[in-house]
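Next come two complexes, and both contain chain A; in the first it sits with chain B, in the second with chain C.
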Partner chain A sequence: MSSSRPLSNPSFNSPQSASTPPTAPAVRPPAPSGSAGTPQPGHSGLRYPSNRKTIYDRNLNRSKNAELSRAAFAYLFVEMISYAQRRVTGIADLEKRLNEQGYPLGLKLLDLLLYRSAPSSTQPPTTRPTRILPLLQFITTTLWRHLFSRPADALERSAANAAEYMVSDNEPLVNSYISVPREMSQLNCAAFVAGIIEGVCDGAGLKTVSVSAHWVGEGDGGGAGAKEGMWPGKTIFLIKFAPEVIEREEIMGGKGG
Partner chain B sequence: MSYYFAIVGTQDNPLFEHEFGTSKQGGDGVARFREEARHMNQFIVHSSLDIVDEVQWNGGQMYLKHIDRFHNNYIFCFITAGSVKFLLLHNPDTHTPPNASSRSSAATARTSAYGQSASTTYNPTAPAVEEAIKNFFVEVYDVWVKTIMNPFFKLDMKVTSPVFRGRVAAAARKHL
Partner chain C sequence: MSPSSPPPIWKHVFNFTRVVFALLVVNKAGGLIYNREFSAGLNKLNSNDLLILAGTFHGVHAITRSLSPLPRPPYGSFAPTDVPVRPTGLEVLESTHFRLTCFQTATGVKFLLLTDPPQPNIDVMLRRIYELYADYVMKNPFYTVEMPIRCEKFDRGLDGYLRVIARA
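Let's look at the complex of A and B:
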């Protein structure tokens, strides 16, 4: 999982000044009042980092190819799960909480990845996905590549329900260090990724009823043999679009992207 | 020429407002809306949201160009991937209010000097103007993406950062 969200290095200058105790009191007062160019820093009570750089000074493509260590991600993810597990009423509730943790990420990644997929930094994106298929292709290729460095394994439309689409991943990275206890075998922690997908869909204006993560061979009744197959951890993300989205899709037809 | 720029969230809630005048043709970048019409800007921009809802699904373009007109106010729209709308109200009127005493007389004189000739030839929906406004929107979009990357920024949150306002004002000076 690559870490491309610019985490806020600005706005906290106290740890740095605390590390240099003798000079800290002398250095800090000029910081809020000095340096022109930004509109009256002292006036708003906004605190600037010591290097005067705010998030607006960072190039959005800076961490484009940066990657996060898998161990660090696994450690954080375990903490996120145990945080979500507090005072939880059941597996469905736990999955809902994991979903909610992923949701804001999806909203933001949609904008960021479209911005980065532009051919050059001087030519930012001019189009956005407004139909189901281009959006799902964006999810299975661009989003998946960004998160897991590879595209998703399959994208299918449900035969039973026209509003349901399935994205499958043979070996979800988020589940690679998670062994689910037998009594909670329904639990799939990839609900976090489902939340990211839901955020992307909702952000693009294609409202979803729900996005959920399921183990293959359970829930759908799709053959118990798949469990022992080549991909024991295969997960399907079931995307249910809202009826108005399907209706609009039918009215607009093939027009536009 | 005066501009009113607003960012509208996914629930049609205003997130950011900025008023400015042109900086081209010797303009001083100060908005000169008629006092009696100034309060209408918010209503005009808000009413154009209905049109945005209709045209946003045609083709998936982010820049929707000129979408609405109310008397001499032209509305331009840009919609981000996250369905946040940037709306720019453009009033080509170079009229100066009668009680301009609060403003510098030099600036007032300059505005009225080119006002007569400019208002007759100026076309707010010309390709050159649309292109300039597009460049403005694109620059604001860049700053907007940086804003939403803030981990503490939640959907449809108001933007209060003075740095953001400064960047929008700089983009306005550069392109409009």
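Let's look at the complex of A and C:
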């Protein structure tokens, strides 16, 4: 695992960068007004904002002003973790639960982001990622930019196992306020993001055995000091594809891309 | 005792001898939940004395709060103030060689900062410390409210901030 060759550096923008262009709303018929968005007058609250447009009535292409408060996410994530923590016995169990919370998000984000990238006039329409490499590119650039407003920091293929790929993030946003107590030092709450990745891979039809989040700093002694100083929260997402995916990839060989 | 070399001239010119000695955090029940030293200079107190200091300060603070006179409306205004004014308690405690500044949050947590008396901008520093507390303690899922603070990132954030201040 230690010796691995970098496949690509996602910080160089790929042609299909995720910068959502000013969308052309004409592509999509406006959301049917009326039916869903007419609450009873007495029924107010969070569910129905004053303009009566819930998140479901909004145009799917609307990505302007869609950024969320980081503190709001942090508090929600705190509640997600403590909710999960009350129902688990161990660290592995807790990570599994966080993973399961992320999984459905990944399934939906794959479709949403592909849909959004389509109406760009200057670029060719994006096709579904059908091979491993385009899929990983999609994850490290499009997905990462959508979720965290920046690309992932590295993408590598494991030298030990051809079915394993590693996406690394120097400072995962979900962990930015979290200090894991010493007795649970194995726990990485970015398991939630790992679940999102797993959802994207499975949704694209490239089955995974598992996607897990790991700390980098601990364990190996060599260079640990340097890592400790620079990126103490560096996290690697280990993606293990199912054997049939690798087999298919080999059969398809060099053609296509 | 050893004759130390005089401090460089710029230290006098810009009055850059700023020191933050220590930070204590006291919960709303008067218990000490955090204690960290940033630069040497104060005599060391053992943990028991620190707990007593926190508890005593908490008590004195409560008494000074009830001592506090009700603020009068500004001169010439007849309208009663709508916003209830919260009486503040003891805010600064100063000796020849150190100053203790207290900042109480809306929820009753107190930050006690021990500094050198000429240290300026203590209110700014306390506000920033409060921000760090809000970020790295209150947004940490593994922290239980009112319990001792053991958050690595809070420590690191304080170090990063207060060391920079001390060097500036």
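Just so it is clear, the second predicted complex is superposed on the first by the 177 of 257 C-alpha atoms of A that agree within 3 Å, B and C clash if a C-alpha of one lies under 4 Å from a C-alpha of the other, contacts with A are read in each partner's own complex, and residues count from 1 in each chain.
To be clear about the criterion, a contact is a pair of C-beta atoms (placed from the backbone, for glycine too) under 8 Å apart; a residue touches a chain by one contact, two chains touch by 3 or more.
Keep in mind that what you see is a predicted model, and the values were worked out from it rather than measured.
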item: Chain A: partner with more touched residues, chain B or chain C; value: B
item: First (chain B), second (chain C), both or neither touched by A:205; value: first
item: Partner chain(s) touched by A:127 [first = chain B, second = chain C, both, neither]; value: first
item: Contacts of A:110 with chain B and chain C, given as first, second, both or neither; value: first
item: Touched partner set for A:77, first chain B, second chain C, both or neither; value: second
item: Which of chain B and chain C A:177 touches, first, second, both or neither; value: second
item: Which of chain B and chain C A:242 touches, first, second, both or neither; value: neither
item: First (chain B), second (chain C), both or neither touched by A:166; value: neither
item: Partner chain A, residues of chain C touching it in the complex; value: 135-136, 139-142, 150-154, 156
item: Residues of chain A defined as touching chain B within the complex; value: 5-8, 38-41, 43-44, 46, 54-56, 58, 60, 104, 107-108, 110-112, 114-115, 124-131, 134, 203-205, 248, 252, 255-257
item: Residue ranges of chain B touching chain A (in the complex, touch as defined); value: 56-63, 79-83, 138, 141-152, 154-155, 160-167
item: Of all residues in chain A, those that touch chain C in their complex; value: 71, 74-75, 77-78, 81-82, 85, 177-182, 184, 189, 232
